[in-house]
Amino acid sequence: MEEDLGWGDVTTDSTISIDAKIKGFFISKEQGVVCGMEVCKRVFELLDSSIVFEILIKDGQKVQKGNVLAQISGNARSILKGERVALNLLQRMSGIATAANNYSEAVQDTGARVVDTRKTMPGLRILDKYAVQTGGCYNHRFNLSDLVLIKDNHIKAAGGITPAINAAKSKLTHALKIEVEVETLEQLDEAIEAGADIIMLDNMSLDLMKEAVQRVKGRALLEASGNVALEGERSVKHIAQTGVDIISVGALTHSVFAMDISLRFL
Amino acid sequence: MEEDLGWGDVTTDSTISIDAKIKGFFISKEQGVVCGMEVCKRVFELLDSSIVFEILIKDGQKVQKGNVLAQISGNARSILKGERVALNLLQRMSGIATAANNYSEAVQDTGARVVDTRKTMPGLRILDKYAVQTGGCYNHRFNLSDLVLIKDNHIKAAGGITPAINAAKSKLTHALKIEVEVETLEQLDEAIEAGADIIMLDNMSLDLMKEAVQRVKGRALLEASGNVALEGERSVKHIAQTGVDIISVGALTHSVFAMDISLRFL
Amino acid sequence: MEEDLGWGDVTTDSTISIDAKIKGFFISKEQGVVCGMEVCKRVFELLDSSIVFEILIKDGQKVQKGNVLAQISGNARSILKGERVALNLLQRMSGIATAANNYSEAVQDTGARVVDTRKTMPGLRILDKYAVQTGGCYNHRFNLSDLVLIKDNHIKAAGGITPAINAAKSKLTHALKIEVEVETLEQLDEAIEAGADIIMLDNMSLDLMKEAVQRVKGRALLEASGNVALEGERSVKHIAQTGVDIISVGALTHSVFAMDISLRFL
Amino acid sequence: MEEDLGWGDVTTDSTISIDAKIKGFFISKEQGVVCGMEVCKRVFELLDSSIVFEILIKDGQKVQKGNVLAQISGNARSILKGERVALNLLQRMSGIATAANNYSEAVQDTGARVVDTRKTMPGLRILDKYAVQTGGCYNHRFNLSDLVLIKDNHIKAAGGITPAINAAKSKLTHALKIEVEVETLEQLDEAIEAGADIIMLDNMSLDLMKEAVQRVKGRALLEASGNVALEGERSVKHIAQTGVDIISVGALTHSVFAMDISLRFL
Amino acid sequence: MEEDLGWGDVTTDSTISIDAKIKGFFISKEQGVVCGMEVCKRVFELLDSSIVFEILIKDGQKVQKGNVLAQISGNARSILKGERVALNLLQRMSGIATAANNYSEAVQDTGARVVDTRKTMPGLRILDKYAVQTGGCYNHRFNLSDLVLIKDNHIKAAGGITPAINAAKSKLTHALKIEVEVETLEQLDEAIEAGADIIMLDNMSLDLMKEAVQRVKGRALLEASGNVALEGERSVKHIAQTGVDIISVGALTHSVFAMDISLRFL
Amino acid sequence: MEEDLGWGDVTTDSTISIDAKIKGFFISKEQGVVCGMEVCKRVFELLDSSIVFEILIKDGQKVQKGNVLAQISGNARSILKGERVALNLLQRMSGIATAANNYSEAVQDTGARVVDTRKTMPGLRILDKYAVQTGGCYNHRFNLSDLVLIKDNHIKAAGGITPAINAAKSKLTHALKIEVEVETLEQLDEAIEAGADIIMLDNMSLDLMKEAVQRVKGRALLEASGNVALEGERSVKHIAQTGVDIISVGALTHSVFAMDISLRFL
């Protein structure tokens, strides 16, 4: 907020009288899943508690081009000052929710869940993750302290999958799950043997994934990762049909199309 | 940073010994314009001042798939902890710089400049604006206090373009420029008459823009805005050829494709 | 606030009962222009939202010795704790507004504006600048990012006035004005030629200023600076009568006489 | 610092090359007592640790017009960015130290000490108090928690001097002194009787002060307060000669003349 | 608070519906002196201003096992999120108040006061000191700036008790008291002679303390310190009976037994 | 740190010369497990980077009365200012580590682990948890976001153990474990059936715990909680011998005996 206001909004303060009132509408300019309405409302409340912001479409609802999402009225200066920050957040969060919704629908007849990753913008993670949920996908871990995720580099440094898992088990709280990233079926077997709770299949072919599902027989959760798309050969739907439990998609939060939403005044 | 580390990186702390060393390379996985190398270096320095981060490709240089951008070596725990944050910033900033470079090249034989807008992510504006410059475009104003930008809503509230400009001139410091957004040639004439320094042509057709350039004859800067694309009928190049001085493109910072860059360890 | 309270106001907490009520008046002890009443009210509100603070004289009004500026009532402990901070701010801001009013009145029959400078106390700039406006003067730029102000040292380093202006124009946003500080008429000519928006006449004699006004003929704003006083040979009035547009006075905010205002309890 | 830089110093960044070096001198433009050299050095160090700032005149030394106080050299951009903040602090602190020095010299043949008050600018108290010491005066309490100072309003609320002192003694730590403000000799007697450590004689005539000194006979410290000037009937010297121990002067920090000091580059 | 919530309370958010209501009681599980009720109320208010928290037992009252201290009702998610932080504070503060009460009662027929020390946990000092008062003891100084406390190490460095006291007197504000730590009666005599306000008898035997009281005859306050217990040979009561004014007990805040208090829901 | 220094250490600053040097030793006054040496070193480094702090006994080592833990030398003022904060942290952390060590040794021949709880002091959790590890025990979860812990109140609100677990599974990330608190064997069966990862046996008798171990047969981790002591009928050893996996002990961090450690100067 401060970042945007600097020393104040010189245009608004000089051209709009201090007690002018204004009324406006947030309107979708394309179809998508709305997300961020409460955050948007909060932005205006923080700026001026007398602003009335009425939410007409709740987070998670689908809208078409031209729907009225919310109605705002109150002091003109305050509303014009908050406009840009509110729209930026609303457009980004709705963009994420819309993408998440597409992925979610693609896997709906399978048992798989689509999850996000830690590839979020610094400072915005909690909002990004909320938008993912709103669109019907799930969150992976939030940060580096709520899951043990042993990747290639950890395995190298620890001297193998088994020693890495053993090290984690002997030093850490029993309350955390342990996930291991594997690239081959041999590594998969070793991880299962060593007691991993979740196994990430990194960039595996669809055939190998099917084989992995057969071998594991529910002894651990299987997560597919890498090069997941909405359409095509390696679509999220095809991956889901291999029988994996989880499919992680970094693009959900790191390549975001802002949804087009505008604020129109009467 | 804190956001990502939470209570610490449990995986790294349990599987990697406290004094293990590691060496790795930042590699581009697609072509583009690199941006954020210094920021990336700073992230690691803040985490552990003994990390050696050698920049091989400076901000602003074009790279192909497979180029080595930087080399990092030092304590394995520290490097693995900073990896995600550093990559997120580097990928976003390089994505913006690459897009800016495309726009910049499209107008290079005209006298026009492409500029960004305030449509940036909260908290990241200074980095986003830097990436725009790195790609060869220019920054518009930074915040609401460094330019008077009179838009439709201000004009309505002030009772017309002339009263709005007069109000700004009589109340504000002489050190700020005044920009007015217009939609018709009549408004353009009125803004020129009232002494605007910059005039924004909002969503005007190419023909109207040409006409505007004729009328103004250098008495103010003309800025084209709205629905600007890289290709097609209304491409940035076609707009530049109308003779306008400035073309503002919101998409530079609000619909960002992260450039694919990875960190590989030996 | 914290700075003043430390671990708490031991005197008030030990000698005044926790629910004692008190009523008092802010009274001017000398004539001047009042400024800071809203800030003062805010200080008490932050301390204790149940305090009733009624403003009787608004910011910008002139008062004589003995006028009642505001009435305060509420919890005695809270009021006594906020007293010192509130009075310090009110006395300083009213002191600045009073000085600004004197300067403003001195130029009122000319076309010139008196403006302040960046010579404010760290942390108080926004309040100081507001007090300047309240007294009838104008603000110059707020900080180093909202105007290009090329001074002697920049000119030396850039290799002359023309290269300095060209550098600024080619690298910076079109949205900022460019001001150049000159000491001679030759420099003035060069600055005009290079396209400066504002020209600061640094410590020039009255005669040279008149000559400068003739030469420029409205192509740029002229700002007089240096050794400006209320009275005497080089008074603000005499300078204004040379025809310059702007007169900047550092003393407005960097040598402040606190106006004598006290808080009297019934 | 941030307040002054905003989004960056656009003038310096566009006109000065990134690796230009500069060398300059801080010079006194009038006589006075220098204060703030270390703070000034720190400002530049925080901005750019490679700046070399050599202090030639230490805090507390008297200078004449034209003395060189310090020499600075290093990156031109960094130095120009810090210039204004450094000079504002140096000018204010030296102004305070100079005034404090005048007061201190006026009482030097008496046993009295001149002290400051809490009338400082918010955020700057620690620097203001340091400047007072540098000029040869003493500090009164720092904040509301390190001395019990019972004033008129506390006495009214507590039902008299004796009950107020008793309340403080029974509730507070033994480690704090108790000061009482009195206006008459009867109140003085009551305060002594009740065990006050320090007694403030508020706006008393010189004759009454002498009488007070006689009565108290060293059983408490006596502090004169109100309308103290450097010259005239009620000068600090005359007050000191009555035999009081302490003389508090609010003007030391609340009506400050900035000392004229400039930064000249080669 | 943040420390405890991390990214949110995943259990509560997933198992309790967003508008569920709950009602509960804070109940003492052992006898003691209650302290922290207002702080506890504030914790919940900050979390959710619609929570109703009714205090039934005020800070400072003694309770038995099974007493209901407070009643809370409101949104179930909010209450469950604040539970742990509120209980931790309430249990610690009541533990301190209970210990303070035991010490206070032990000296109640003597003229001595029991005081705490600076041995508090970082960040919690103001709450710890408040709990000490609530239990009937007194606070010593709050921090290093509100009392001159000359200890063994200062004496060594300054070259003796007299030079140390003289240094403090000549450099510091008159508003602070001076306390000196002594180990022998010779040191005691020197401290009295040099004008100490308070003298700390460090680890002296009961007999030496009695002797010290005789010698000082009220010219300074005497403080006993070191190895004070509730019971036994060197009990606080025996020490108080020697006639010293102050007894400082570090254990009050640095070895705390949390009082057992629970929150039971209907 | 700030909390302790207030406006500065008036004693040290007035009695110790600004360049005096000092050397001292940290000495244990009783036996225990040392913890906090690195934190202690960091406190002094932050205060004055020229202080030399040599750790002689590392965190986790057992010491006897009279052992020298560390040696410190450097500027006397800086060392004396940091003394209290450093000792408070060292004493508390060593107290916790010593207690943790006693618990850890008591269960060493069983397969059980002793873990802490969230009952830590606000602001100190990360240090408290580290001290627990240092003494040989384990950490339970860090905060409310890294484990689903379904307690009595959640079960009531969700309508039973099964619906509560199902709600958590359907809404939350797959990356978190689910723990349920049970009081009877029937609840235990239900929790196992519903797929809990960890089951907390709340205040169960030793016989019931043995029975629980039999029934669960390794399908979930079992955690004993409530009224755990070092000695007696319900000692941590007896509980461990029932075969449970985890024993949680709140007293580890919420009723802390500071270990007696002092700083002696030469």
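Couple of notes before you dig in:
Each chain gets a letter, A, B, C, D, E and F, in the order it is written, and its residues are counted from 1.
Everything that follows uses one rule, which is that a residue touches a chain if its C-beta (ideal position, glycine included) is under 8 Å from a C-beta of that chain, and two chains touch if they have at least 3 such contacts.
Only a predicted model underlies this, so the values are computations on that prediction, with no experimental measurement involved.
Relative to subunit B, the chain whose mean Cα position lies farthest away is E. The pair with more inter-chain C-beta contacts, choosing from C-D and A-F, is C-D.
Taking each chain's centre as the mean of its C-alpha atoms, subunit B lies 47 Å from subunit F.
Here the CA centre of subunit B is 55 Å from the CA centre of subunit E.
Listed for subunit C are residues 6-7, 142-143, 145-147, 172, 176, each touching two or more other chains.
Interface of subunit F with subunit A (complex): residues 113, 115, 138-142, 145-147, 172-177, 179, 198, 221, 245-246. Of all residues in subunit A, only 1, 3-17, 20, 22, 76, 80-81, 84-85, 87-89, 91-92, 95, 118-125, 142-151, 153-154, 156-158, 164, 167-168, 171-172, 176, 254-258, 265 touch subunit B in the complex they form.
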